[in-house]
Amino acid sequence: MSNYTLSLRIIKDRGFKTLVILFSFITIVPLLFILFHIIKNGIGVINWQFLTSLPKPVGEVGGGIANAIVGTFILIVMSCMLSIPLGVSAGIYLSERREGWLASLVRLSVDILQGIPSIVMGILAYAWVVLSLGTFSAFSGSVALGIMMLPIIVRSTEETLKLIPEMLKEASLSLGVPYYRTVLRVILPAGASGIVTGILLSVARVAGETAPLLFTAFGSPFMDVNIFKPVNSLPLVIFNYATSPYPSWHQLAWGASLVLVGMVLTLNFSAKLVTKRWKVQF
Amino acid sequence: MLEEKITELKRELIGFATLVERMIEKSVKGLHEKKRESLLEVIEKDEPKTNALEISMDALCASMIAQFEPKAKDLRIALMVAKMSSDLERMGDHAVNIAESALFLTEKPLVKPLVDIPKMAEVTIKMLKDSISSFIEENSKLAKEVCERDNTVDELKDKILSELITLMSQDPSTIERSLHLLRISGNLERIADLSTNICEDVIYMTEGKVIKHQSKNW
Amino acid sequence: MESTILTIEDFSAYFGTNQVLNNVNLSVAQKKVTAIMGPSGCGKTTLIRCINRMHELVPAAQVSGRILLHDKNLYSMNPIIVRRKIGMVFQKPNPFPTMSIYDNVIAGYKLNGIRIGKREKDEIVEESLKRAALWGEVKDNLHRKGTFLSGGQQQRLCIARALAMHPEILLLDEPTSALDPKATAHIEELIAELKKQVTIIIVTHNIAQAARISDFTAFIYLGELVEYGTSEKMFTVPKDKRTEEYLTGKFG
């Protein structure tokens, strides 16, 4: 190899490495911009009153997002109640059965489900639940959100449990422990970190979904804990206030955005912590 | 596991040696006291036992080596015990020879008073006893000392030989009986030799030194 | 003549259509160590997994023939009961990672929901750890998770866990192949002690180990029981030519 070709290669090598590092750095930039913007615009709005009072009609000073926070909370809890048992069970099933028609069907369904647009989910939930109940409700909203959470929970449960060595199961079975107890008391605890992480991430994902809630939870100016009534939530607040013509409401939208982003970031960090603290090494 | 096997090996060997000791004692005593029953016992009952014992000891040594892959002293123990057991079996054969000649002699009058043969027997039996003791105690000093006593036995045999030669040349009618007595002394001398073999094996076992075929060189 | 605790009669095992064990007939002596040796893939692990009915957990697994524990056919009993009477220790130590040492030992009771008082639990834990020669090393750390233990200690913990169920037979599937020589020697000494109380069946591909620790040895080759006898005889005068070839290293 001549000296010329060799030095050209070294330059290309260095160039490539520099480019990779540069582009990686650039990917951080959007997040930094987002956080910067939201904090800059929203921080001024956040105060105790903002967090604990109900929305006020246009023109009145003050107003807060208390019911949105509670509503978001209610929606998350209920969609968890729907999606966790189904999702974890499906994940357990898939991790045990690599082949078979049911396993393939479940996997396929979950994959397709993941791709269904959130607004379509909303319309479907509207058609099933809202029309049947005759009212918008938190329940219908959580149905939509719950279905959206399913694929993530199923997949992360399956992947976590697949990583658990077979010999752990065998150790339990060889002690004469029936299968269902082995799953509940040995395998699930061993996979707890992965499963909980999956749940937290799926919550983080749906916490900010707006489209499905437009037709289901609908939003409300009142504080209502009846799940069969419409309920307010942070994404709805942001949507409504940001698209309104009132600058004061735009401010509130920034504030709500900050709260929502804060919540999502907290969930993400918690997921990381859970992995770190609880993860069982094999 | 290995230690238990070694203990078993030693125990079996001691039992074997005890049997052989008894056989020699019975044969010589039977000659002395003209006891036909004990002589017959040696030939018919005891000898088959020694054969069986040698076979079982071989199997024991082989299985110890196969199962435990012993090294160093443990290996030497296994090898030497196998050798000792075959020496003991030969001693048993010699005791039988003594008993057979003794059987012949019990029906005849003595050619001369029995003095040297009982003496030879006494030294030989003590050599056997002590060689086994040296094995049990892993005492190579005792083993070396026993080897030196072989000279005494050889001298006694020579003494008996020259006496009997004189006797036979004087009175031909004593030839048959004398030859049997010679046979007895020869077998006793072989037993003593085999005891020194055992002692040499003990020295190899405890010290790892080969002193075979050197006899008086330490 | 030793008494027989386990009789394997005309026993064959399959994975689907693939036959792994062919017509095995074997009587295991009580309170002795029986080694099962053979080259890799010969079916020896399958055999012991059939004894505690772990083999059937694999899809498409089938068996034919009988295995009798004291005259009761294991295959007509509830497999859960079988596995409580016959304990197993695996090749790679596998203590439960989310449980403390204490909980690991009584895992058989805890996971099965068997209720016993605290005092009884403490006794079982101490007794089992003592029998597994581990008590001294862990008695001050019973409530720590077992992950800080060395490989050999973890394996002894697994033995204690199996012993806590007071099994009649203990199956050991190559228990020392993942351990260093010192830990291996510990376990072998332990086996020599344990056999006074529990019948032990050990699968090993290590001929010297089988020779050292077992009272009886079975040689399995290509799914067949080629030879079975006392270890004393098997390693000095094997009867079958294949055994002879295996022992002298001609294959496997």
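Residue numbering begins at 1 within each chain, and the chains themselves are lettered A, B and C in the order written.
Just so it is clear, contacts are C-beta pairs under 8 Å (C-beta built on N, C-alpha and C of every residue); 3 or more make two chains touch, one makes a residue touch a chain.
Here the structure is a predicted model, which is why all the values come from computation and not from measurement.
J.: Taking each chain's centre as the average of its Cα atoms, which chain lies closest to the overall Cα centroid?
T.: Of all chains shown, the one whose C-alpha centre lies nearest the global C-alpha mean is C.
J.: Based on mean C-alpha positions, I'd like to know which chain lies farthest from chain B.
T.: Relative to chain B, the chain with the farthest C-alpha centre is A.
J.: Would you say B-C or A-C is joined by more C-beta pairs in contact?
T.: A-C
J.: How big is the gap, in whole Å, between where the Cα atoms of chain A centre and where those of chain B centre?
T.: Chain centroid spacing, chain A to chain B, equals 94 Å.
J.: Taking each chain's centre as its mean C-alpha position, how far apart are chain B and chain C in Å?
T.: About 49 Å separates the centre of chain B from that of chain C.
J.: Among the residues of chain C, which ones contact at least 2 other chains?
T.: None at all.
J.: List the residues on chain C that touch chain B in their complex, please.
T.: Touch list, chain C to chain B: 188, 192, 208, 211-213, 231-233, 235-236.
J.: Where on chain B does chain C make contact in their complex?
T.: Residues of chain B touching chain C: 1-2, 59, 62-63, 66-69.
J.: Can you name the residues of chain C that touch chain A in the complex?
T.: 52, 54, 57, 80-84, 87-88, 90, 92, 94-98, 107-108, 110-113, 147, 158, 161-162, 165
J.: Please output the residues of chain A touching chain C within their complex, sorted ascending.
T.: The touching residues are 165, 167-168, 170-178, 181-182, 185-186, 189-190, 192, 280-282.
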